[in-house]
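All chains are identified by letter, namely A, B, C and D, in their written order; residue positions are counted from 1 within each chain.
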Amino acid sequence: MKKLINSVDTFIIEQLEGMALAYPDLLRISLEPKYIVRADAPVAGKVAVVSGGGSGHEPLHGGFVGPGMLDGACPGEVFTSPTPDQMLACGLEVNSGAGVLLIIKNYTGDVLSFETAAELLYGEGAPVRTVLVDDDVAVKNSLYTAGRRGVGGAVIVEKIAGGAAEAGYDLAQVAELAQRVSINSRSMGMALTSCTTPAAGKPTFELGENEIEIGIGIHGEPGQRRIPITDADALTTLLTDEILNDGAYTRTVRSFDPDVGDWIEQSLTSAPFQPGDRVIALVNSMGGTPVAELYTVYRKLAEICRARNIAIVRNLVGAYITSLEMQGFSITLTRVDDEILRFWDAPVHTPALRW
Amino acid sequence: MMITTATIETWLQRVAAVLDENKSYLTELDAAIGDADHGVNIARGFGAVVQKLAAQPGQPLGALFKSAGMTLMSTVGGASGMLYGNFFLKAATVAGDRTALDAADLLAVLEAGRDGVIQRGRAEVGDKTMVDVWTPALAALRAALEAGLPIAVALEKCASAAEEGMAATIPMLARKGRASYLGERSIGHQDPGATSSYLILRALADAVADEHKDV
Amino acid sequence: MKKLINSVDTFIIEQLEGMALAYPDLLRISLEPKYIVRADAPVAGKVAVVSGGGSGHEPLHGGFVGPGMLDGACPGEVFTSPTPDQMLACGLEVNSGAGVLLIIKNYTGDVLSFETAAELLYGEGAPVRTVLVDDDVAVKNSLYTAGRRGVGGAVIVEKIAGGAAEAGYDLAQVAELAQRVSINSRSMGMALTSCTTPAAGKPTFELGENEIEIGIGIHGEPGQRRIPITDADALTTLLTDEILNDGAYTRTVRSFDPDVGDWIEQSLTSAPFQPGDRVIALVNSMGGTPVAELYTVYRKLAEICRARNIAIVRNLVGAYITSLEMQGFSITLTRVDDEILRFWDAPVHTPALRW
Amino acid sequence: MMITTATIETWLQRVAAVLDENKSYLTELDAAIGDADHGVNIARGFGAVVQKLAAQPGQPLGALFKSAGMTLMSTVGGASGMLYGNFFLKAATVAGDRTALDAADLLAVLEAGRDGVIQRGRAEVGDKTMVDVWTPALAALRAALEAGLPIAVALEKCASAAEEGMAATIPMLARKGRASYLGERSIGHQDPGATSSYLILRALADAVADEHKDV
């Protein structure tokens, strides 16, 4: 295993220490428990937006903390959901009184931890709401699985929620908008190579010289299927078609309602993409794929969307939600309206996203 | 025979040791159908539990289980951390301020824990999760106790049923947790959480058997 | 070879097409000959800043085209210097009459091509100056070698030159400032893994499981030496010490002087770093190393600089000058003064750098 | 015997073919002490040269060489592209509007090209570059012609000297170009540019020898 770390036990802490040193004006970092908050948190009168998830997906989520995006982020161990005590401490620190929105990627561990944290935060008197991100079309149904995974859509949801919170939306409004962005997002990813978790010290899965994995998540889990390697256009077409041809997707989402002080269940349906849709396109590196290769993907994606009369009105090309040093890419498309677009364009100042 | 605080502490120490020994094995199982972190995470978690307990020996069982549950929740991460954490928190509410458990108490404590797992995770038998161990194992324990067998023998039956439950996950298609994303590809692999659950119940049987021997 | 390309013959063109589609408001791209210019070029009255070099170092240089940085960039074949015809066409297109500064990384091929291009541009009536970037301390002398290579310092030089040009500096002033930034920059890099050029289809060099290469350039060239793998702190210390302990470095630099219409030679000396210096620190991924690992490096770098009383006043952590998908990192330190710092902080809007 | 435009065209076609055949070999040599692009780049460049010439056959030699030089400069990239480009541009100025070269003309043309390489690249014999081929090879050619040997024979001696010059780069420590960064580590490897230069001179000898045979 070749990595720039000092030891398997200390590297997450050391990465956080490095971040703290690199962004003293932007971030404040707690190591015990681990969380990252805006240097100026809590921001008076503003809804706080908090997310979190396993480490190994950087810049997600810590790299998105700062004005215009997240107020706080909780990193877990590598590919392991963070724990409720982190979320509780982080949430309390960023809550200005206007409440906390928890953005949760749909993985059993994340969901269970955030659910517990929501209850704890509420118990401490913080208004709290939750929004679920479950955009990975590689997972086909929710009746016989844990539901779709949260992947690239999280980046878009965090940006829009952060923008709305900065603009003065109240907790219910930010939550409603964030959930709307989430159900209008669809993603799919693929791996050219495996990643290696520091603890395991060897690749999570073995891929032959000419094999690739389609429909992967972001934790080095095996994907939907393994196929012989093909070219960038074919891969882009494969992933884009899965996204664009994905039908209506209905699932039951639990979210915390601070007005009733309990969980409510809602059936939410993602409508398929249609000609005339306007979208934000994220072409994302899994970590080890350099940005130049992503442009070849973007080229084909733009061509397919044009042919289908889907207008890419904004794009983001780079490494935003990764699986350590894995090579591969994912595509996320989010259907937008003017309100969403306004908050996408709103200023943001974080380590990884800035405009 | 009563299960004392000391026996429970021994049990948890054995769990920590056996999970640490099986860390790579469990992580490999998780690599096949999950995200390759199960062994590392629960070994870390139970290690922390044992450290915490060592600092405060001889607590009433409710406090002991609560401490274990909170520690697991804040150190493991992932699905299993929350589920095992919940297991002990629920066990704690039944154990209360007892310092020893008779057979019926033990069964009630374990069943409360299992119900906590099911309540949080909403998995059913057949979903290829740790529930596939806990449900048949505690059914076997209940049956053995109801048949009047001594605790040590009943726990041995419980561990055997756990082992069968664990093996039974191999041909299953996962419906809950990370493995469910694999669909058909999850078939043929043993569930990592079921495996750690078996090791936990195996350690309980061994701890009590050892105690029994000494008596 | 696992890469997101379609074919060895078309991938550079396709990457450029992808960039053009991704940044229509920012960039204008010519495919024959290949170059990338600001969408609003030429900018009336402004000195144009142009650079270029082999492909495979993305985002360098094309990702740095835009307001506040480069007016134009010329990408060559992979790891191969671009050709004078590209530079000529690009230079003519961005020249508003205020002249063109050519920023040249010190490699024989780049130098020879840019020298020819400078003569051609001058012949076409464009005021032209050149600045050489030669910051790689892994190369020890200039008497017995082609001189130090241009590496990470190029990113800093391009940002400062772009800022000064935007602020209205004239050609001589921008050139003078850029050369000052260049001689105050020192870099050193290392590789954990080799890269694979698409044309070769296999790794450029073979490294054992426990071997790493110290003092590499940015073209997959073998480095200064090969050592057994060690940890991030040791590697960071090794590279930082080489940079901070590097003595005065004197070399003869040829630069084009449009006032005399010919090349002039100057002896330039880089002064060693000293306690009390203020620096910009760039911790750079060679392409395949994810950003999280770079924070561990930054942590140690900050510690060493603090101990030596060198103040890191700005930093940049990420993949800015790469060697395809190579894993590894480089460190660049640039001594700054208030003027340089002002132009570092000046707004920039490019695909890869924006604030 | 005169070297006609047709022979020069044949030479360049042979060069394009032989460089294409040796593309991987040259790139491997460059991988060892450079950046693994030499073969690919000059094969592409001479391929382009030949295409250009095919479109405009029978030009005067000055125009032909100029076209070759400009094409190399705009298609090869890298040090060798500029150096070979300069070679032909300088050769062009000597060739002028001639359509055939006698032995003395040929020598003058090649020497002008070599001087162009040295002028641009400022390398000396012993620096481990293509100059280590051109200088001894053209010295051998000059000596052979001065000794009154026929062109074909003299070019054979030239190619042999080129081959020796190429081999002589192996033990050298590089002082110019990318290989110079390696210091001691450059020792023991054959210089890629010297190798392509040998192949170019070898192709010249072969082209003229074939021509000679036909006569």
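The working rule: a contact is a pair of C-beta atoms (placed from the backbone, for glycine too) under 8 Å apart; a residue touches a chain by one contact, two chains touch by 3 or more.
None of these values were measured; they are calculated from a predicted model.
**Q** Express in whole angstrom the distance between the two chain centres, defined as the mean CA positions of subunit C and subunit D.
**A** 32
**Q** Distance from the CA centroid of subunit B to that of subunit D, rounded to the nearest Å?
**A** Here subunit B and subunit D have centroids separated by 76 Å.
**Q** How many Å are there between the centre of subunit B and the centre of subunit C, using C-alpha atoms for each centre?
**A** Here subunit B and subunit C have centroids separated by 56 Å.
**Q** Scan subunit B for residues touching two or more other chains and write them down.
**A** none
**Q** Make each chain a node and each touching pair an edge, then name the shape: line, ring, star, complete, other.
**A** Graph shape here is a line: each chain touches the next, no loop.
**Q** I'd like to see which chains touch which, written out pair by pair.
**A** Going through each pair of chains, those in contact are A-B, A-C, C-D.
**Q** Along subunit D, where are the residues that touch subunit C in the complex?
**A** 27, 31-37, 40-41, 44, 73-83, 120-121, 174-178, 180-183, 185
**Q** In the complex of these two chains, what residues of subunit C are touching subunit D?
**A** 33, 54, 76-86, 107-109, 112-113, 116, 138-140, 144-146, 149, 197, 199-200, 204-205, 217, 219-222, 224-225
**Q** Report the residues of subunit C in contact with subunit A in the complex, numbered from low to high.
**A** 2-7, 11, 14-19, 21-22, 55-56, 58-59, 63, 192-193, 209, 212, 229, 231-233, 235, 287-299, 302, 315, 317, 319, 322, 324-325, 327, 329, 351-352, 354-355
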